[in-house]
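Before we start, here is the structure in question, set down as structure tokens.
To keep things simple, chains are lettered A, B, C and D as they appear, and every chain counts its residues starting from 1.
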Amino acid sequence: MNIFVFGIIASFTLIVALAAATLPKLMHAALSFAVMFLGISAFFFLLGAEFVGLVQVFVYIGAVAVLIVFTILLTPHDVGNVRGFGWSGVVVAIAVFGGLIWAIVKTKSVAIAPSVAKALTVKQIGEALMISYVWPLLCVGVLLTAALIGALILVMEDKRS
Amino acid sequence: MTLSTLLVVSATLFCLGLFAALSRRHAIFILIGIEMMLAAANINFIAFWRFGPHTAHPTGVIVAIFAIAIAAAEAAVGLAMVIAVYRHFRTTNVDQFNQLKG
Amino acid sequence: MSGRASDLLIQIVSSLLNIVALLGVFLTLFALMSVLERKILGRMQNRYGPNRVGPFGLFQPVADGIKMLIKEDIVPARADKIVHFLAPVLIAAAAILSLGVIPYGRNMTPFVIDGGILFFFAVGSATELTVFMAGWGSNNKYSMLGAMRAIAQMISYELPLIITVLPVVMVVGSLNPDKIVFAQKYYYFGFLPHWFVLTPWGATAFALFFVSGLVESNRTPFDVPEGESEIVAGHMTEYSGFKYATFFMAEYLGMFAVSGLAVTLFLGGWHAPLPWLAFIPSYLWFFAKLSVLLFVFIWVRGTLPRIRIDQMMNFAWKFMLPMAFTCVVAAAVWHYAGHRLLAWLWSLAVIAVVYFALSIFLDTRKKFTPRRYRFVE
Amino acid sequence: MNTVWLIPATPIVVALLILSLGKTAPGLSAVFAVIGQIAALIMSFVAFFPTLHAHGFRGVENFTWFVFGNQSLRIGFVLDPLAAAMMMMITLVGLCIFVFSIGYMADDKNLSRFFAYLSFFSGAMLGVVVANSLLLLFIFWELVGLASYLLIGFWIERPSAAAAAKKAFITTRVGDMGFFLGILWLYHNSGTLLFYDNGHGCLESAGLAMLGTSATFIALLIFCGAIGKSGQFPLHVWLPDAMEGPTPVSALIHAATMVAAGVFLVARVYPIFSVGAINGVTSSLAVVVWIGVITGLMAALVAVAQSDIKRILAYSTVSQLGLMMVSLGVGGVAAGIMHLLAHGFFKALLFLGAGSVIHALHHEQDIRKMGGLRRAMPVTFATYAIGMMALSGVPFFFSGGWTKEEVLHATSSWPSSHIPHYLMLVGVVLTALYMSRQIIYVFFGNRRAAEEHPHESRHVMTIPLIVLAVCAILFSVVLTPGWPWLESYLTGHAPQFDSRLLFQPMILLSLGLVGTGIALGVWMYHATSELDPLQRKLPALFRFLENKMWIDEIYDRTIIALGALFAWLSDWMDRYVWDGIVRDVGAIGQLFGKLTTGTDERVINAGVDEGTVGAQGFGRVMSRWHSGQIQPYLGAVALGMLALLLLYAWLG
């Protein structure tokens, strides 16, 4: 793995993430958010988890980002009010960031290089999912169904009113 | 490139998400921030799997896949709630959702 | 260190070669297709079509390209400039990327990815967002409406599109397009190709996949997002010049990609239909099959009228999706009954039962009645 | 054998069915009841056959009802000649009564209720007969009591009917208390309530051996129940009052079900009575004999002075039951049961005949207002005369004659004393006397005050009469000493035909006695007048007898008055003594309550109040932190995570 490629991907991802967090226009932020996932999936490709990267792009860009822009369109807002900015949040975020960085730097055992490993095939993941993790898989299936129905009920127009 | 550099990147991503969730007034930003934090956590899972001793066991990958699925469900429900709340309050500014004020 | 650097160099150079070849072939095909479509449509409508530029009008795309390039690029004043600019770029990028994982011939897959099918759909799903960007960025009522329509229909039909791929993936046991093509290389009785379209579930899945592909590429009869009689040109209303051409190109490339995937999944990829025809180069077989599918695309466009959007949505959720799931079940039945004639019959029975049940269940019992006119008093 | 339970179950199920139908179809309910009875009759008939094949046949079907602790309570059903004969009689007589009721009760608006109760009554009695456990017998016994209560008080709108029902129920309950105590004692001693259980039942030798000397007391306590149900002295007072019920009910009570139960009970548990018998005599049997003698004679005397047609029959029943008890007591079990069976037929006949008369005269029951009905109601008269002669014991042709013969024969050979025998002979004369009095009053002479145009009853009422009359005569075929088939059947011997035994010296005696009675009756009552000849000659005696020897009045003055006194005393005690104590205790409680209230208010409540004020203040402070907005909460979570991280780093 190349430190150069890593640097490019990391800086791209972080810049887009910063844009997603700070851009004043919600739609721009949402689109940056979608692009950010491209960077994250590039990370996954770099780390040898192609499948997760593809799933990430598939789910986030194909579904979650579309949902978010739909929601933005369905909730026309009063612009001036929503653009407020809480500085206390910045302080907290920086504090947490400081704490995390301090912990990472302090922990010597994480300063290791990756081992050489064979690429993970889709078949391996499929077998792991279907053999070792079949219960969680079923539970996630139930959860997704429940979330689907719950979301539908939440946004359903109330016919009575 | 070491594990710690990856962790620094994911920590940065996490804190950007936290910042988005804490500072922005629009409800959707909170969701975006949470999704960013989850993505940062996913990077950590994958990184620890890749740098760990047992690469042949795709545990970290599986956890990341489940996290993505659950995050998708969470996004769906969260956005549905945003729409429902918007119908009720006619705004998406979280400062004005204070009916639970003690 | 030098070895690694040279490895990287080889990688980059081969990738660039792949990209160049891909772009060269498919942009040529796009040019050819644009003029052929007009000519074929013309023939279907009893006229000549373009025949002025070059022999048989074959240089028409060149003329079109020059026209597009020198045309004024108009960006609306209230538009979101960046998004407006990015939308055609990204949509073309997504279309080209999705072409990268299709095996065009023996050992002719540009990018071998283990989860190639997943890659195809992951990239393809980005199209929705870019269409939305185009619609929103134009800051135009018609653009927005078109984009919304496009997203609605694309999300609806993406489900059957993906689920109809599942039977093939299940039976082959891989998401790798090369392996899927490889699984179809045998022949029954020495002459009948082992293509998945020749199984009951495969035929059904192919039909569903093709219809969904029509929708995904916004082709007639499912071209409601850009239906000019209703909303000018949908999300492309505010585009002109080269950006419009890019959209146009992306649409055709998307069509090529979906057709190519259909060929890969169901029509045996680059394999010859008969064993003794294998001497013909494999990529020629692939493009021959691709051409047939593209001709069907044009044929359908020349034949069928546009469908209403609510009927289209109902069709997706009430018929396409159940049938797609039925294909999965039928493929499982076929697989576990041993790929033989009996399996063939069982699989057919499953599909037939669900099909007839759906046709009874979805029958609205509406009869054709004489039209009654109501006049304003 | 294991389907014997169906016989009592059928009428009970029919009763429930009729009740569930409600008042919708009274005709249907009668049909159902009759069908149920016919079914029971057929099943009884089917059950009767196996008992014929072997002498002393006894089929037993026992099962465990429930288990408590390590003891299991077992109940069961038994089919032996006694039960089979009783079932035949009950179902046949019951069927006649049911059919008669269709005519008699035709106008009643609660017809379906009546048939449901009637069916239930019949089923309960059949249950008593087939029960193979004293407990099961007791259960059906009480169901019989319940059914009699419901039927006697059937015309609930009449206060006298309600009072009679209550009287019947409570009086029999007095006897049942003794019966129940006897059951408990028996269970305590023998450990089983099954009659027959492969040698382990309480009526079999092993079980009887365990009773020892307590057998006498157990027997007497069980006899208490029989006294109550069979209307023996001193608990006979409910039986004449039970005439308040509809006449078919009276017929059923007197002929087939209720009163027969007592005699049947004694016959069933006869082995307990005869434990430790010396020469066939035990003290408990002696009590049975004397009670029977007193009852028989007393009731016969009272019957002479009654004027209500049904009351005369009621007292005659009491008298006959006394006779049966005497027979049982002196050891003539078969004779007693034979008389019970024969009595069932002719007493049902008499009651139904009386019912026919009452129906024709529109519910006039005073015999002094009747007369000359012989010509108006020939069928009723003929059948009634047959019943009367059977009851009086006219020999040769009537079943009653033969059975009475047997009873007298048994009493004559009782070793302890001959007084019962002589008193019974007097009873025979009295029976003939009061029956001829009644028949002369009702059917002969001139028409008196009652109905102007009496007419014969409908076929549905006369046919049962004819059937019963035929039975009363033909039944004698199996009773004669020449061919004592029934006796052999009951005792388990082979019958032997010997025509010489038909004529015995005793027959002349009985012929003479009956003749005397009837002649006396004809002589006394031939000149009919409003005033009774006995009343004219011996007014004091007549008043004594007419008022039933003032037994009811004695009970009123003594037992009931004592009860009232005790009740009043209890009331007074309750009001002034117990109530006062309770009040004082309550006052103490109140005082304590006041104390605790004070403590509660001043100490605990105040503490809690202070605590809640503190909590409220704290909550108010905390609530300021709760802005109701999401982001501060999220920030708090983030800071908490940071704190945990730092803590973790600091610790390790």
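Just so it is clear, contacts are C-beta pairs under 8 Å (C-beta built on N, C-alpha and C of every residue); 3 or more make two chains touch, one makes a residue touch a chain.
A quick note: this is a predicted structure, and the numbers were derived from the prediction, not measured.
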{"item": "By count of C-beta pairs in contact, the leading pair of chains", "value": "A-B"}
{"item": "Subunit C-subunit D separation of Cα centroids, rounded to whole Å", "value": "95"}
{"item": "Averaged-CA centre spacing for the pair subunit C and subunit A, given as whole angstrom", "value": "29"}
{"item": "Interchain centroid distance [CA atoms averaged], subunit B/subunit C, Å", "value": "33"}
{"item": "Distance between the centres, which are taken as Cα means, of subunit B and subunit A, whole angstrom", "value": "6"}
{"item": "Sites on subunit B at which at least two other chains make contact", "value": "18, 21-23, 95"}
{"item": "For subunit A, residues that touch 2 or more chains besides their own", "value": "2, 51, 55, 63, 70, 86, 88-89, 92-93, 96, 100"}
{"item": "Junction residues of subunit C, two or more chains touched", "value": "none"}
{"item": "Pairs of chains in contact (touch as defined earlier), listed by label", "value": "A-B, A-C, A-D, B-D"}
{"item": "Touching residues on subunit D, where the partner in the complex is subunit B", "value": "619, 622-631, 634-635, 638"}
{"item": "Footprint of subunit A on subunit D - complex, ascending", "value": "631, 635, 638-639, 641-642, 645-646, 649"}
{"item": "Footprint of subunit D on subunit A - complex, ascending", "value": "86, 88-89, 92-93, 95-96, 99-100, 102-103, 106"}
{"item": "Residues on subunit A engaged by subunit B in the complex (per definition of touch)", "value": "1-3, 6, 10, 13-14, 17-18, 20-22, 26, 29-30, 33, 36-37, 40, 43-44, 47-49, 51-52, 55-56, 59-60, 63-64, 67-68, 70-72, 74-75, 77-78, 81-90, 92-94, 96-97, 100-101, 104-105, 107, 110-115, 117-118, 120, 124-125, 128-129, 132-133, 136, 140, 143-144, 146-148, 150-152, 154-155"}
{"item": "Subunit B residues within the subunit D interface of the complex", "value": "18, 21-23, 30, 94-95, 97-102"}
